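In the two complexes below, chain A is the common chain; its partner is chain B in one and chain C in the other.
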Partner chain A sequence: MTDLITPELVALDLVATDKADATRQLAKKLQAAGRVTDLEGFLADVAAREAQMATGMPGGIGLPHARSEHVTVPTLGLARVPGGVDFGAPDGPATLVFLIAAPAGGGSEHLTILAALARRLVRPAFRQTIIDAADEAAVASYVQSEVGS
Partner chain B sequence: MKFVAVTSCPTGIAHTYMAAENLEQFGKAAGHDVQVETQGSAGSVPLSDDVIAAADGVIFAADLPVKGKERFAGKPFVDVGVKKAVHDGPGVIAAAVEAVESGGGASLEHIDAAGAEVKAAGASSTAAPGTKATGGQSVASRIKQYLMTGVSYMIPFVAAGGIMIAISFMLGGYKISTTTAADVINTFSPFSVQSWAGLFFVTGGAAFGFLVPVLSGFIAFAIADRPGIAPGFVGGTLAVATGAGFLGGLATGFIGGFIALYFSRLNVPKSIRGVMPVVVIPLIATFLTGLIMLIILGKPIKWLMDSLSSALLGMTGTAAIALGAILGLMMGFDLGGPINKVAYTFAITGLSAVALDESGANDPRLQIMAAVMAAGMTPPLGLALATVLRKRLFTEPEIENGKAAWILGASFITEGAIPFAAAAPLRVIPATMVGSAVTGALVMAFGNTLRAPHGGIWVVALISNPFLYLLAVAIGMVITAFGVVFLKGLGSKASAKAPSGVPVNA
Partner chain C sequence: MTDTTRPGSVVTLTPNPSLDHTVEVPVLQVGEVQRTSAALVEAGGKGVNVARVLAKHGHRTTAILPAGADAQRMIGLLEPQKVKTFPVPIAGSIRTNIAVVEEDGTTTKLNEPGATLSEQELRALLTAVGDHLEPRPAWLVAAGSLPAGVPDDLYARVAALAVQANVPVALDTSGPALAAAIGAGATVIKPNLEELEEILGRDLVTVGDVIDAGRDLRAKGTKELLVSMGGHGALLITQEGAWWAGGPPLVPRSTVGAGDCTLSGYLHATGSPDQRLATAVAWGRAACLLPGTTVPSPDQTRACADAVRVVADPDPLQAVKDVAS
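And now, the complex of A and B:
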């Protein structure tokens, strides 16, 4: 099974003007890795989800996500944003942005991995390890090991 | 404490699981066990029945309609939405603890219409697994669920009581109906068939005494949960006392239930919240239900019965067949209620007068008795036949009740039709009225006479021309059955057109 996240999908020092910008920068990495076929289509799906309810999570997390037909394999794009970017969370801007891309059809095995990821996000130790990680490869391998497979 | 929770969100890949993790973690931190069913896109593993049964309270952190919500019926719950569980896990846990401690099924956040419906759906499905919990939001389907809850709790009383009374007639003849509990206690002998018949009659009669109170009490329970029990049962008992019958019991169930629900939704100071469901609401709601039943409804019902009686007495000159049809309509209308009772009393009064006059065998008053009994037999028989003809129009408990209804109808225990009529009065009562009217008219036309006040086919020896008599009953039975099938068929087509409800189990 394809890894959920690889070093190419991690941005360590992202600078973003707003959440749409942060999402777009991450989505481009997904497109470059061949996991998103149509950048604009995918971003539209994410924006539609974002419009339903802001995805800013407690603990400085932005969690743009969508199930989209423009996604080939379940993928996680991850950015550390030291300057912070507002995702609408009540407790302040996000310094970690997780972009979850799930295929529209998606077997439930893939979705189980995403479920495991979502559960990890609320654990402070998980967030801290990502913040402290030395490089892209360390982030990717840690996340990959946490969600299994 | 132990909690179960359901989480869901529109996309089903993020909030659902974050909320679940939050509730589990913060629950554990506060010393509680929280088990979560994540109804997300990864598929949900349902909570086991044991886990749900052991839970003290329920947390709904769901932005989608909860699948299988009726599984959690009767437990205190909070309904917070998924976002609150993601952002404020400790707050949600605290709210859930408070909901459990305040008792009752009240949500602190809000009791919404869906919440009230859960109770109804759940109560009926726990009472009778076959009852369909539609989960629809329409007023009509909610009323139907309230009714089905009352009916499903009533059926055991109908079946147990009715069959025992039927056995008592079978063993002891119609004269058994004068037996009292004191007679059984004083004179019971294990070697006397009459003694056993008396025992069956008195026990069956006691079961029948619960029929309307249980119907009313559980309708109120479905509406308002536990606070509805007292006003519902008391209202039902008063419906019997005022002669209002099962239609009165339906009314008191709704009156008592909605009064209780109104008071349980009031925002009261926390200091008295604890005593609301056990003391204050039952007290106020029961009193108000009694007041409405006795003062506001009691008089009109008595007036109705009195004027119907005098109207019947004034019809002595009327053509016999028309009188038979009218008596049949009355017998089939409320199935043991006031109007039925007027017709029956009219017949009994005539019967006792005949006994005093020593008049001839073809006395019209004996024909009236025969017509009234036949017309009272067709409703349960017709419905029993309908459950066989068109199973899919009936719920599983109704089909079961249909089996008992054969015996009850044959024994002139009209109440056997009440579970059907209470569940769908507008579809069943017109059919039972027409069937009974035809049978009443036919018996008068055939000129059958009856010298017993009760007993159904067990007193067939006391009926003249029994073959024609049974034919009249059979015709009415078939008409009733086809009428019910027709009317229920109309209803089911109409509801199929309506927007379908939320799937209970996807």
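And now, the complex of A and C:
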């Protein structure tokens, strides 16, 4: 089975003007990795989901996500945004952004990823390990081991 | 009763979860300092309890609940019980409830009000429910009290989401939250007799009174009415008819969570209404024999099944509390 997250899907020092920009930059990585077939179509699906409910979570987390017909395999993109970007969380901007992309026909797959992530994000050590990781490969292997299996 | 198919997946919503501490004392002495048994700590809240007992009986279960910095504690307690937690992050904390159980089974519960949810946290909770309805679980169970800051119509909105997604929904709550939800199209509600009297604003003395209540609720959109009556068993009123089920008196070790197990048994059972009611009562009785909110295993619920007696079309003129005799 394809890994949920690989080093190519990680951005360590993302600079973004707003959440749409942050999401677009991450989505481009998914597209480059061949996991998203139509960038604009996918971004529209993410924006539709984001419009229902802001996905910012306390603790500096942005969690844009969508099931989309433009996604080939369940995928997690991750960006560290040291300058922060507003995802609508009550306690301030997000410094970690997780982009969850799941194929449209995936049933509850996207929920499984979302739930696994939600359970770990409430653990400060999980966030800190990602923040402290030395490089993309370290982030990807840690998150894959925690959420992907 | 045998299970021929794999039990369906169940999603529960617990807007006001708790960390339940249960201590045992011989006799509770108010105003005194007393030593208790070591506290048994369990993940609590009605929806959480339903998820726990159904997971123990083979169902895939997800418990959606708001949780703050202490979410890890809840997740840690539920993980070994095969309940998947879906925490919706909030600024507040999960409340602590304390149950004091005396030798004779008398239980005194001290429940904190719980965290206050902001409008945004409430929307996040509803969004999580909506997301979980997409894969069409066998049941959505929304249960328990509402935390501060949450409007009374939360369960009505949850039920409406489920109806829209074509997912059967069970509600177990009381007071204004239940009253607001009776027109929302729930598949089943499970009040106890007092809770049902409260929302209807009238006394329910005879079996006929409860049958009428079931008919009134059905006219408003709630399909099935399961009324738990503690030691007096339970009544089920559906479009097809009315049934009572109960068993010989037992000495309860703890009645905390027994109602949650009753509802769970009803959701677990397949087959005719009388079989489902019998299973509900057996599960509730099994729960009473266990300390705290410990949930019964399949062996324990099965062991209670034989003692349960079902009466179809109980006499409407009989007092509800006399059907057992």
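The criterion applied here is as follows: the second predicted complex is superposed on the first by the 141 of 149 C-alpha atoms of A that agree within 3 Å, B and C clash if a C-alpha of one lies under 4 Å from a C-alpha of the other, contacts with A are read in each partner's own complex, and residues count from 1 in each chain.
What we mean here is this: contacts are C-beta pairs under 8 Å (C-beta built on N, C-alpha and C of every residue); 3 or more make two chains touch, one makes a residue touch a chain.
This is a predicted model, so every value here is computed, not measured.
Engineer: Clash or fit: how do chain B and chain C relate after the overlay on chain A?
Structural biologist: Aligned on chain A, chain B and chain C clash with each other.
Engineer: Please work out whether A:Pro58 is in contact with chain B alone, chain C alone, both, or neither, and reply first, second, both or neither.
Structural biologist: It touches chain B and chain C both.
Engineer: Give the label of whichever partner, chain B or chain C, reaches more residues of chain A.
Structural biologist: Touching more of chain A: B.
Engineer: Who does A:Ala102 touch here: chain B (first), chain C (second), both, or neither?
Structural biologist: The first partner, chain B, only.
Engineer: Quick check for you: in the superposed arrangement, does A:Thr23 touch first (chain B), second (chain C), both or neither?
Structural biologist: A:Thr23 contacts neither chain B nor chain C.
Engineer: Contact-wise, after the overlay, does A:Ser68 reach chain B, chain C, both or neither (first, second, both, neither)?
Structural biologist: Touch partners of A:Ser68: none, neither chain B nor chain C.
Engineer: Under the stated touch criterion, which partner chain does A:Thr6 make contact with: chain B (first), chain C (second), both, or neither?
Structural biologist: Neither partner.
Engineer: Per the definitions at the top, what is the overlap between the chain A residues touching chain B and those touching chain C?
Structural biologist: Shared contact residues on chain A: 52-53, 57-58, 67, 90-91, 108, 111, 114-115, 118-119, 121-123.
Engineer: Show which residues of chain C lie in contact with chain A when the two form their complex.
Structural biologist: Those residues of chain C that touch chain A are 62, 67, 69, 71-72, 75, 84-91, 118, 120, 123-124, 127, 130-132, 134-135.
Engineer: Show me the residue ranges of chain A that touch chain C in the complex, using the header's touch definition.
Structural biologist: Listed in rising order, the residues of chain A that touch chain C are 52-54, 57-59, 67, 88, 90-91, 107-108, 111, 114-115, 118-119, 121-123.
Engineer: Quick one: in the complex, what on chain B touches chain A?
Structural biologist: 9-18, 20-22, 25, 38, 40-43, 63, 83, 86-87, 89
Engineer: Within the complex, which stretch of chain A touches chain B?
Structural biologist: 49, 52-53, 55, 57-58, 63, 65-67, 89-91, 100, 102, 106, 108, 111-112, 114-123
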